[in-house]
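Multiple structures follow.
One chain, chain A, links the two complexes that follow: it is found with chain B in the first and with chain C in the second.
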Partner chain A sequence: MLGRKDDEKALRQLASSVEPVSLSLEILQTACAWVWVTPEALINFLIASRQRANAPGPCRRHLTPKSPAVAAQPASRRPPLNLEMGDLDRAIAQLRACRPIPEAEVRELCHKARELLIEEGNVVTVNAPVTICGDIHGQFHDLMELFRVGGDVPDTNYLFMGDFVDRGFYSLESFLLLLCLKVRYPDRMTLIRGNHESRQITTVYGFYDECLRKYGSANVWRYCCDVFDYLALGAIVLGASNTLSPNPDTSSEAPTIDEDSDVEIQVCNADGQIMTQFSRQARSRVHGRSPSGAATTNGVAPGAGAPTNTGPPGSGASGSSGGSIGNPAGAVLCVHGGLSPLIDVVDKIRLLDRKQEVPHEGAMCDLLWSDPDEIDGWGLSPRGAGFLFGADIVKVFNHKNDLSLIARAHQLVMEGFKEMFDANIVTVWSAPNYCYRCGNVAALLELSEDESGLGVFARSNGEVGRSDGGVGSGGGGGSRGVLTESSRGAVMSGPARRYRVFQAAPQDSRGMPAKKPVADYFL
Partner chain B sequence: MSGHYRGCGPELDFPPASPPSTASSSATPSFQKLEILRASTRQNHTFIRPTKRIHEGPDVSRFLVSQAYRDIGIFVLQLNRAMLPRRVSSQTQMFPLDAPRSDPQPVLALRDLLKKVEALIDEAPLDPGPRRFGNVGFRTWHQILEERADSLLKEFLPGMAAESGSNEAVGALDEVKAYFLGSFGSAQRLDYGTGHELSFLAFLGCLWKLGFFVSPPSPDSENKEDKIPGELERSIVLGAIEPYLQVIRRLILHYTLEPAGSHGVWGLDDHSFVPYILGSAQLARPIWSESEPTPLEGSAPQSPRPSDVAKPERATAHRDRWMYFSAVAFINDVKKGPFWEHSPILFDVSGIRDGWGKINKGMLKMFNAEVLAKYPVVQHFPFGSLFSWEADPDAQKVVGTSVHLASQPTTTTSSVASGEGGPTASPWTQATRMPGAGAVPGPGIPYSRAPWAGTGSTVPMPRGGVPDTGPLPVMDSFPPGVRGTASAQHSITKAPWAK
Partner chain C sequence: MSASSIPNLLSLRGSRGGRGRTRGGRAGPGGPGPDAAAAHNATIQATDTDAAVSRLSAVELGYLDDPFARLFVQQPPGPSSRRLPIINRGTYTRTTAIENIVSHFLQTTQGQKRQIISLGAGTDTRALRLFASTSPVITDLAYHELDFPATVAQKLTTIRSSPQLQSILTITPNLSPPPPPPSPNSSQTTTTYQTTSTTNPTNTLTLHGIDLRSLTATSPPLPSITSTLPTLLISECCLCYLSPQEAASVLSHFTTLIPAAGLGIILYEPIKPQDPFGRMMVSNLAARQIRMPTLEVYKQPEDQAARLRDAGFEFVETLTVDAAWERWVDAEEKERVDALEGLDEVEEWVLLAGHYIVAWAWKGGKFELPGT
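== the complex of A and B ==
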């Protein structure tokens, strides 16, 4: 049903023909699969509906309570609803200084954010270049370090894979800053939901306590939880290049490789110096100073238990890797936890009703809770939610969905990232020295933009402005969308990955606050 | 608002000439001790192999009216009381860790037992293989402990050998062993938390009930005048509990054990609670007589200031002398970063200006609410004959109506607590009746500034009667057959609804 080339082509043409209807190819495909009609019939129906809708009266009003007209504009040109840009910039500046914004502003911000997020599909489409980040857990100063290492917003396009809150001291400031940036630069920030973006989990693991302590009431917690319900469940990165973009920070002493295109994986330290890289064919280390050099370069020694090796992905616990040979130039699926036995194709994620508290079971729960593991098939998760899934599951899923890679977070990795299953899946972890005690480094993953024109075909998923609806870049017969057969010769493996590894932010600059009122037990 | 001691006056360094009037109450506080099984009843006592009884959230409220809950409360308060400084012939007598003591034989035996347990580390080396966080060498350690538990207990606990059940019959050893083995973290999850600590308290409580600590009267002990009441309990605290904590800290460091169900910075401590109770008692205002209520505020004159807690160098300086600082200094060993960031609750408490007595009172309340009343912590506590699931006949009226509170935020804890005793009862009276020390708490630590009474009920909680969402799920709770490497993940988030 889905994914047939003919259907896709027809749909794409039809989708473009009904511009500016803000319906995407993806929605149409989903709808076709759902109701089992031909694309043409559906389009005709939609055109007719649109004409009816052009007459005064609600059409999608239930989805966009405030301003449906605005929603039709590309997001980049859309002014933040009701929120003055100046206010937003001021809030951003205040949050960047790690100072919470007043409750009333939080309320307004969350309202705006919801209006924005409600427009996004369950699976957001993001075009490379993009920098993918894992768990933050309220480690605000480390988030600032992340921006320093990865580039500031909006210069860098970011995708955060959830778990912004809980456990850390600054969940509130961290999440609100990310949310402000999302509202301010909707096209530059993608936030997807983690298992901690949930009422029940935040009442156990700290965010609730934090809001009470910082505001004296649970209102802000409630506003934030309402936003959580609207966060997307995943993202698809399209147009990631098989070659790395030049590393602007590369110093002259950086190792050279005969052709840049040979580099599949590059690991840089926080200062941009290349620590290790791996060529595509041999997947052998081309060059690199001692990976543990990162620790000394940053001047921050890893704490107890830190790895001595910020080691090569695909090695060690990952086993010997033959490279990601399966799905050249396929898309990258980003999701917080992992896969679900109920989801065999990405499009099934799109059919979920996500706007709710994370359920205790089911596909939505699994996507946010599951972990890859060295097992065959599916296994019970020690977490009590989600599942464990093995290499076979990942490989079949990636092949079926024309994915070259799954990027996920959710598990501490001492080295900051870990590729598994022949580089079919990677865990990215962005909270250094987790909980002030784990001694781990953090990482972010950069995917470069494919400028060759041969990259994957961009498509939109219904969120306006995210792309041009699938008719722009790379069009014509050369397209190799994620829904098409990857028929081109599998010369290249998956997208080139640049990992930037960084340590916890220095702590000396933080002043000591006044002591807060104690909990009621001590009154 | 309870209205007690909300002032911001200077720390009370001197005891008032008479017991503070606030503690007066119609009922003279009785300082109960855990009852020892009498020899006569001992003959006919039926031991029960401890089993879990708390299977889902609502069972916690049943636990809160059980005899086991009552006995845990009595025992904790008994130990707590013993640690208070005493005023003896116009001098303040305190009981620091490093003062010379002559512990009775049973306590010495316990300490030897703990030494032996610690020495098992040498037999269970660290696993060199690929690791996540907790070292799987701990599983070997725990396995050795399990294998040798019987012989260790028989060797070091005199009388235990005779107590082991013969064939089918369950003996005292079976009960004691269950709590002993529950005291040293989870082999499966490679973690340690307050549930394990609670198990050790129950282990000691079992021994107490069995009369293990009652030494035959020796010529020395005839001279009763020299003895300050509570000496035996102090020996248990200083000679067994603190050494236990040291073993635990060594295990945590050596095998990099995880905090069980970590709240990150939003828990009192990643692993422990008891040292903050007994450690604050150690520094509280001295009592003048044994009939005097436990102080609700004030510090002993020689006590370090609470604000020293936030200064790492001061914490280090006090760590060998005071339990509270010993625990704080261990946090500083493990965590890197500003104290007020990684331990905000302890930081806030360090700002309390009414002395260690007030901190002690708060710690007891918090222990009741955040440990004993939290399903994730107590769900694996087993019940036998010594810590019994049977209802405490006197407890029914205390918490019988608060069941539904378990799944939603309450208002404040202290003000709700007035339910039983009425306005004249002091908080301490309530604390001694631990179920009354606070309403069954909802999620989060209550802060009185929260003007959210009336809106709390709108907090949506997921379906299915999910229990209150307390800290530190501890002890093994693995679905059968799971042996994935993910189980060795540091600080993984476990689903609060998971069994």
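== the complex of A and C ==
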């Protein structure tokens, strides 16, 4: 159970140093295994509870063991924190090692994150290029694998569609890392809310218990839940290209297609090798074996019947010309679950009061809970919240809102992604071997930036112009904020999509505190 | 928490016991030096603890009604025993499905003496629940539980120390030898304890401490198991731990012993080891030192059906656990169960429950079991 010699050493030291209660090494080891914490976390917890029990008092100091491995943590000994960049970078480094940051830092971080998120609209505007990710569910080591496959922050612009927590054993580290990255690189990291970002759900599915286990109190869980309330409900991706950017990882031996511009769908493995490609015209398979995830895409290209609206994409506002300005490939709506019978235009999402616990019903609930299904119209959801919605609903919604695609997460798909309804909607799932049990692969979806000079909108994150549009934060493209007339009349035919499929991080790559996860079965 | 319960918890949590660190283990022999067979036995016995905790979780959350579940879990009450909704629903569905078949058996054999033989019963409480029920159908029932001697001895200890169980069972003195020291190695020795229902003396529960692998077509019948009674065998995730030959041999023991009186069987086992979920299941269980040799042979529902036909059963039915939920749990009950926790993981449920099967079969024409 104790994988490392120095864990054992630290525990031994602790066992001898904490008085008056003497704890045998064996008890501590057992406790570690039983409550599923790292020795380090247990030590932190014991020290923290000791400090609570003894404070205020002069004796606090000698309760802190002298071992450097042990002494690093107590929150009370850290310098006061205002989350300067250096603090953030230090927290990020610590979280990347899958080590929780002290409670005081979490509080500070969550406070900062809320200040940031409150400025965002319910529907965040994001400019391509962007890498869209689905459920993470506390699978920290697989999140690291995701960053390896998709590129690191801030080099890659990420959009995570919720369900960061629950089920996996590292919800805390996963969510706090994503939140740190959000605060550190606000324009390169977009987080929207999933149905698990909720007080009620996290008490059933693990995040609450994990916080209690790792900190000894529910404070951190409370801080995180307060952040959940401020997460955006959706995002609109603008400026996605009809064509794929060159795949930087493609080796010279990898198959390529004659004309890159023909490729609508490309599926790569974790090493960047192209597994399958689909060309745009016929949506016929160009190369490789059929990806079951994309097998449903045969049919007419989405949006081929040119929409008549040209107002801000997603708003349903009308304009004078066909095609959406700055959006030759049409806008992409990202939301965790799906559509709601109460929402016919994206602007109605913008009107919701989102700063609350996820309600049991209503539009906000539906956006986070609903699923597409092979039905006509709307149906009852087996989940007991949200609805099922059919192809007709999606097509009408996309047409009305000038969207070429809805990207959503929420449902486990064994192949990592699944396009449905003539590629009007796609499910992206980013938790490989979900719950350490399901044997599925994961995927992320890359949308390239339109570099045809047609221009894109500056990112505004909703109503408030907080952002500088990416200038100075590593955003590519010099044409931001420029609208070009020539984009008018462009035939919208959906963005080109590159899926990177990846598997669970190999066990031996898991960091040092990784306990081997155990999945439940019926025995 | 008693010291002896700690290793149980560890064995629940996983496979960290493989480094000679097993002192004080649930049924460990105590000495150093790995004894693979004993370790395997202990692992299989630990799966029963896993099942008992799952059952308790389902009971405490209101899925199942079982006043005895708590008695067989050495763990303080509280969140530690709580399982995820998907596991609770699985425990509920499997229990309900098997109960449905058992009650069919009891109804169609009503008025005559009959026996139920539960293989690898472990801490299962079905017999206790039957005896505690006030149903007029529960009469003239000889219930037999077979498991490792150590498991049986432990169960008897629990019965002896529980006023609640003492009130429904009387241990028959003359059939009760002094409990032997628990040892997973003692596959040779068999022990038998008989108890009688206090409310209805025509109902008996007999605990047989035996290594199932000693049962063959030619081995002598176990004490008080009769060849002339309508009989229902239950293997709830038990025979799957044996080799296919051993499992077939156990079946042949009973088909030979009870040729004409009517014999039925219920199997509950995992299936589909070869798809991505199944491969992960096999590998995850292997990491806990749990092997299911029959799973590699009876991969699909059809394989399970063929296996039962080969064993001589005339009528064979199978139902995956997710199908049992769909078909055998009525709308009102579904609503009740759904309301207990809410099950968010719909896709995962179909995946997980689709990898377990309830197969049942019967022959001899003396009674019928339900259709799907």
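The rule is short, and it goes like this: the second predicted complex is superposed on the first by the 348 of 523 C-alpha atoms of A that agree within 3 Å, B and C clash if a C-alpha of one lies under 4 Å from a C-alpha of the other, contacts with A are read in each partner's own complex, and residues count from 1 in each chain.
We adopt the following convention: a residue touches a chain if its C-beta (ideal position, glycine included) is under 8 Å from a C-beta of that chain, and two chains touch if they have at least 3 such contacts.
Note that the structure is predicted; figures quoted are calculated from it, not measured.
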item	value
Chain B versus chain C as contact partner of A:93, first or second or both or neither	neither
First, second, both or neither for A:396, with chain B first and chain C second	neither
Contacts of A:374 with chain B and chain C, given as first, second, both or neither	first
Chain B versus chain C as contact partner of A:85, first or second or both or neither	neither
Touching partner for A:137 - first (chain B), second (chain C), both, neither	first
Contacts of A:217 with chain B and chain C, given as first, second, both or neither	first
Contact breadth on chain A, by residue count: chain C or chain B	B
First (chain B), second (chain C), both or neither touched by A:521	both
Common interface positions of chain A, toward chain B and toward chain C	195-196, 201, 204-206, 209, 382-385, 411-412, 414, 433-438, 515-516, 518-523
Residue ranges of chain A in contact with chain B within the complex	137-138, 166-169, 195-196, 199-201, 203-206, 208-210, 212-213, 216-219, 222, 303-305, 316-317, 357, 359-360, 369, 371, 373-375, 379-385, 388, 411-412, 414, 433-438, 504, 507, 510, 512-513, 515-523
Sites on chain C touched by chain A in the complex	6, 9-10, 13-16, 21, 47-48, 50-51, 54, 79, 83-85, 87, 90-91, 94, 237, 270, 275-281, 284-285, 287-288, 290, 321, 338, 341-348, 351-352, 356
Touching residues on chain A, where the partner in the complex is chain C	1, 30, 33-34, 36, 195-196, 201, 204-206, 209, 382-385, 411-414, 433-440, 515-516, 518-523
Sites on chain B touched by chain A in the complex	1-2, 4-6, 130-133, 188-189, 253, 256, 259, 261-267, 270, 310, 334-338, 340-342, 344-345, 347-352, 358-359, 361-363, 365-366, 369, 376, 409, 412-415, 438, 442-452, 455-456, 458-464, 466, 469-471, 477-479, 481-482, 484-487, 489-499
